[in-house]
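Two complexes are shown next, each including subunit A; its partner changes from subunit B in the first to subunit C in the second.
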Partner chain A sequence: MKPVIDYFLIPVMPVAAFIVTGLVLIALQCLNSAKLKPLIKLVALTGPVFAIGATWFLFKNAPLEYSRLQPGGHQAWLNEFIQSYLLDSTTLIWYWAIGALSFLSFVFIETYFKDKEELPEVMILLQFVSAAMMLLVSANSLLMVFMALELMSLPIYVLVGIEPNRHHGAEASLKYFLFGSFATVLLLFSIALIYSCTGSLHFNQISSFLLAPTGGNNPSGLMALTASALFIISVGFKLGLAPFHMWLPDAYEGASTPITGFMGSAVKLAAFGMAVRLWWGMLAPLSTHWISILGPLAVVTMFVGNLGALKQRNLKRLLAYSSISHAGYLILGLISISKTGSQLNTQNLFYYLVVYGFMFLGALGLISLIERSSGGTDISNIEGLGFSHPLLGLCLTLFVLSAAGIPPTAGFLGKYFLFSDAVRNGHTNLVIWAVLSSTVGIYYYLRVIIAVYMTESAGRSSLVIRDRSMVMVVLACALCMIFFAMFPHRLGI
Partner chain B sequence: MTDSLLALLVFVPLVGVVLCVPLSQPLARWVALLTSLVGVLLTALLYLYFDGTKAEQLQMAWSLPWIGSYGIYFSLAVDGISFPLVLLTKVMMPIALLASWGEERRLRAFMSCFLLLDFAMTGTFLATDIFLFYVFWELMLIPMILLIGVWGSQNRIFAALKFFLFTFSGSVLMLVSILWIFTQYFQQFGNYTGEIIELSKVGLSTHSIVWGLSTQDLVFWGLTLAFLIKVPLFPLHTWLPDAHVQAPTGGSVLLAAVLLKMGTYGLMRFSIPFAPESFVRSIPILSTLSLIGIVYGAWVAFQQTDMKKLVAYSSVSHLGFVVLGLCTLNREGLTGSVLQVVNHGISSGALFVLVGILYERRHSRQFEDFGGLASVMPKYAFFLVFVACSSMAVPGLNGFVGEFLILLGAFKAKPVWAYISVTAAVFGALYLLVMIRQVLFGPVTSGENKNLKDLSIRDWASLVPITLMILALGIRPNFLLKKMDPALDGFWKSSLKKSFSESSVLGKRDKKV
Partner chain C sequence: MREVLFIAFSLFTIGAASGVLLSRNPVYSAFSLILSFFGLSGLYLLWGSTFMAMIQILIYTGAIVVLFVFVVMLLNLQTNRENSSNIVFLGVVSASVWLFSLIILRVLTRSIPNKILEIPENQLRTISKLLFTRYLWPFEILSFFLLVMIIAIFAITRTQEIAHGGEK
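After this line comes the complex of A and B, so read on.
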């Protein structure tokens, strides 16, 4: 029994916190009592809180011991699990970020749905998404990746369209689902290819097979190359890389605003965590091949995102395109990850992801506030915000400047770290493209600032703040951004 | 005290911002003014404590750890090159504030923008960490575009966007150069550092890698484009007239007096020491552009009928002189450039103050609306003529010393440069005299002008210190020069030392001539 506790129950505590909360919520919902609604709201928040607590507990209690474990000598299922589940100090930091972003998103989503009848379902689905995100960043086998990815994606397809009378909600959901399932099929196919040429689903075994002198040059090596190309397409769909980004603006615009915030922050972070595991954990021996594809793809993605955003008038769509361009920068960071020993130096990518997550969530929080009081998310709805609500205006400015990567915001530091990684790894030409595309991008970010400060609006007093807790989320995000800019070493830099 | 003096200089404006926020609107004005006066007092201390005999060294260093793993510190220090610019920044602050004293709208935010700008400008000059420098450099943009975009005139948003896009596109390339320098340093020395002095030891290869450009050339142009946009050198100057015309008076003053100086400061601090060979290689391009800028700026200024635009184009011309001075590679040219930077800051700042005074009373800057003001506003007329004289480099006033030294240096380096730029100096006199004639002399044509009030106490408060500075720098520039002489003496030697000595460069140049 002891090995089961040590190697299974303790490591999965953060994931279990979400799953158990989700199950409790289902039970409460089955009771179907209106009195229980406040309780549901409270219980829903315990998921992330316990997950953060469990992460902290694991952090204190030597996570390294777990990662040094060798499979063998246990029951078969336990051996399998130990091999498929990676837990080290890096993963735990990712857990922490997922927990924190989930907590803020949950508060935000609860406030948004508080008067709507979908509230319990939304909160239940979210628990499973969060659990899946944690599984995803510590996945060490293709089976785990597939399972976690599906556990994460399916509830999100539902969440995107969960508000029945939301304009474009159902369309967005269907579009996202169709694209997403196509990507899943490709993912499955590439998993099959990898399995047929290497005979394994575990990252370690696959990469040592590919590392073998014959690994890349025989027919099965060709199969692995095909599989890695398919991985680029299928994961590219999930990350929203151009040219597989078509679903993203529609899904982001059609989803309820807080759901968009959740998708753009926490889900994106987890998806990139998975991408790091897939490419650097499994396909590292083929890195020259996929880097030569992903590099140009990153540049294309940045430009598609930044150029696409130029003409948007809807803030959510604008941020969706900006999020595409950020995926480009992130891919640039991903291909520049270096190794010290067997440890991947993901801290720069992680810093960017976290900063971007808080920025995106905060911005969407603000947009949601505006949407609830004025009914629209058009750029004209924020005109004059800077002087009617100075604090919110400042927060929005901070988020926008951070997204644009203008010093001294944390977004700039993130870009700086990513770019310095890239230059060090010889991707200077890509960095030049990246900074040029960020110059293009500056224009639409400035349009937001112009609307906030430089445009007089007749109805600018119309913004009435009804939800204090949403304001708190926005402020918390802004404070976190300031904190990250001042003390980047807190995030491992 | 001397240990934290620089930190105080940088952070006092931030304290002012914090104080501004909870106060009532009119009080914010006084807080801002008080903060900037404290800044002036602190600079007086800086003047006393700064050791001019060791001006080539960084002094009064102050630092805080920031991003340890990249060797980046929040570190400040001052040497002979940054010293006059810090002085200029702090002295022009209260003058700019007084110039915008009449602003009524959103005073708290307005004053906060000013103080933030002060914070960023001082930080830019004092930063000894290249990363910190970049952060301050970019931070400056935000309050400036707000000043232009929120409190500017009709076409303000266009001007603000243009200003931002121009400067930002320059500075992203600078970022790539900085990253490249960091990486090269890491490869050569095995550790990261942000210290400018330390980084300038890095050897950048001069072997051509792409399109006949070497690593050093690429780094050089990455850095230099950003600085040239800020200077602004022809043909990168087009944002300047728009920004100046649309900005509120105080913003124009700071833009002309301080922000444009960042460009030449960057050239001296980064471009030349980091990539000396490339700098020497690009002198033909830089000197040609600055000569075009000198003549073109003056010619376009001559065509203007809007006073503010005229002053803006005159800046293009005057700052062409500064870049030309750096291209001479000799001591005279360098001294002239440094002085011209300060002089231009004072005189063009003063011209903007004077234009602002008229605009406040009459809401126009067009020549045709004025005429004969000398009889209505005699005191104003005196100051306008006086400042214009300083700007057109009348001997005995500040402009003369700098321009003369640059011409001397240019003559030594390549006489053709001097011939061309002297003609532009004549133009300089021409357009300013035209402005004076149109605005001040002749009959009073418009009835509205008959009852214009002459200078108020506030105008006196900003114009008298300017006048004193103009006189002081014109008659005895030594009080400033003695604080930077050692830095200027050693500048060419230490910046160009990497591969060749000053004499060999000049030797080649002399033979060609």
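After this line comes the complex of A and C, so read on.
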């Protein structure tokens, strides 16, 4: 019993926090009494709180102990679990970010859905999505990657279209589902190819097979190359990279605004965590091959995102295109990760992802406030916001400047860290393209600021704020951004 | 004998699969899908994997395609006869995809190491033993996955009910 507690129950505590909360919510909902309604909202928030607490507990109690676990001598399932579940200090920091972003998103989503019938189902689904995100970040075998990825994506397909009266909601959901399931099929195909050439599903066994002197060049190395090309396509779909980004603006626009915030912040973070594990944990011996594909793909993604955003008038669509361009910068950071010993230096990528997550969530919180009072998310709806609500206008300016990467915001620091990493790893030509494309991006970010501060609108006093907790989420995001800008190294481990 | 059966089953599967794409009537498409699944399960049998062959028929033909047919009949889809250019486009696309995958397969099969997959004697017992011992944790996640899907389907149908109630 002792090894089961030490090697299984304690490491999965953060994941279990979400799953148990989800099960409790299901039980509460089954009781179906009107008195329990307020309780559901409270219980839903305990998931992320307990997950953060459990992560903190693991962090205090020597995380290295878990990462150095050796399989062997236990029951078969426990050996398999230890091999396929990675838990080191880096993963724990990703856990912390997932917990924090989930908590803010949950408050935001609860406020948005508070008068609606579908609140309990939304909260139940979200608990499992968050649990799956943690599983995804620490997956160390292809089987776990696949299970966690599906447990994460399928509820999101449903959440995108869960509001029955939303314009384009069902269409966005269907589109996202079709593209996503196609990507899943390709992922499954590449997993099958990897398995048939290496005979294993565990990352370290696969990479040591590929590292063998004949690994990269022998006939089965060709199969591994085909598989890694398919990985680029399928993971590219999930991350929204350029040739595979078609679903992203539609899904982000059609989803309920807080769900969009959740998708763009926490889910994106988890997907990048998976990409890091897949490429640097498993396919690292083939890195020259996939870097030569991902590098140009990153540049194309930045330009598609930034040029696509230029003509958008809908704020949600504009942010969706900006999120595509940010995926490009992040891929640039991903390919320039360096190694010290066996430890990957993911701090800079992580810093950018967290800053971007809080920025996106905060901006979507503001858009949601505007949408609820004026009924639209068009750029004309925020005209004069800086005069009618100075604090909110300032927050939006902070988010937008940060997204554009203008100093002294946290977004600038994130871009600076990523680009200097890339230069250090010899991707100078890619960095030149990235800087060029971010100057294109400044144009549409400034358009938002012009609308906030330099346009007098007739109906500028129409913004009525009914939801205090949504304002709190926006302010919390803004404060986090300021904190990250001032103390970037508090986040860099 | 094995080769002849293999070629016969493959041709049957490919023919039925192209029937799914080419027939105008959705019910015919669904039935061609059933036929192609039968062909696939024959291929599994030739490979010696009786369990996969059984599951193929039980789950795909027995459950999934029957649901397809139900949905098609309930929705009462109109067959669309106007866009005939679609079929040429479809033919060109499928032919090019087919050629491309042939080339890929040619390259890949030349490079596949001659590893013969071991097929255990008692497949059902082996698979269930593995599921409940070595792969217990992924199996548990699968159970959460099914739970989540039940809730998701419940949520979707209920929200649609609300929407329709609002219309009335």
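Note that in this section the second predicted complex is superposed on the first by the 492 of 493 C-alpha atoms of A that agree within 3 Å, B and C clash if a C-alpha of one lies under 4 Å from a C-alpha of the other, contacts with A are read in each partner's own complex, and residues count from 1 in each chain.
FYI, a residue touches a chain if its C-beta (ideal position, glycine included) is under 8 Å from a C-beta of that chain, and two chains touch if they have at least 3 such contacts.
This is a predicted model, so every value here is computed, not measured.
Applying the stated contact rule after C-alpha superposition, one finds that A:Tyr453 touches subunit B and leaves subunit C untouched.
By the touch criterion defined above, A:Phe419 reaches subunit B but does not reach subunit C.
Counting the residues of subunit A that each partner touches, subunit B and subunit C differ, and the larger count belongs to C. Once the two complexes are laid over each other on the shared chain, residue contacts for A:Leu151 go to subunit C alone; subunit B is not touched.
In the superposition on chain A, A:Ile432 makes contact with subunit B only, not with subunit C.
Interface residues of subunit A, counted against subunit C in their complex, comprise 19, 26, 75-77, 79-81, 84-85, 117-118, 121-122, 124-125, 128, 131, 135, 143-144, 147-148, 150-151, 154-155, 158, 161-165, 196-197, 199, 219-220, 222-223, 226.
Against subunit A, the residues of subunit C that register as touching in their complex are 104, 107-108, 110-113, 115, 133-138, 141-142, 144-145, 147-149, 151-152, 154-156, 158-160, 162-163, 166. Subunit A makes touch with subunit B in their complex at residues 387, 390, 401, 406-408, 412-413, 416-417, 419-420, 423-424, 428, 431-432, 435-436, 438-439, 442-443, 446, 449-450, 453-455, 488-489, 493.
Chain contact summary for the complex, subunit B toward subunit A: residues 66-70, 106, 109, 131, 134-139, 141-142, 145-146, 149-150, 156-157, 160-161, 164-165, 168-169, 172-173, 175-176, 179-180, 182-183, 186.
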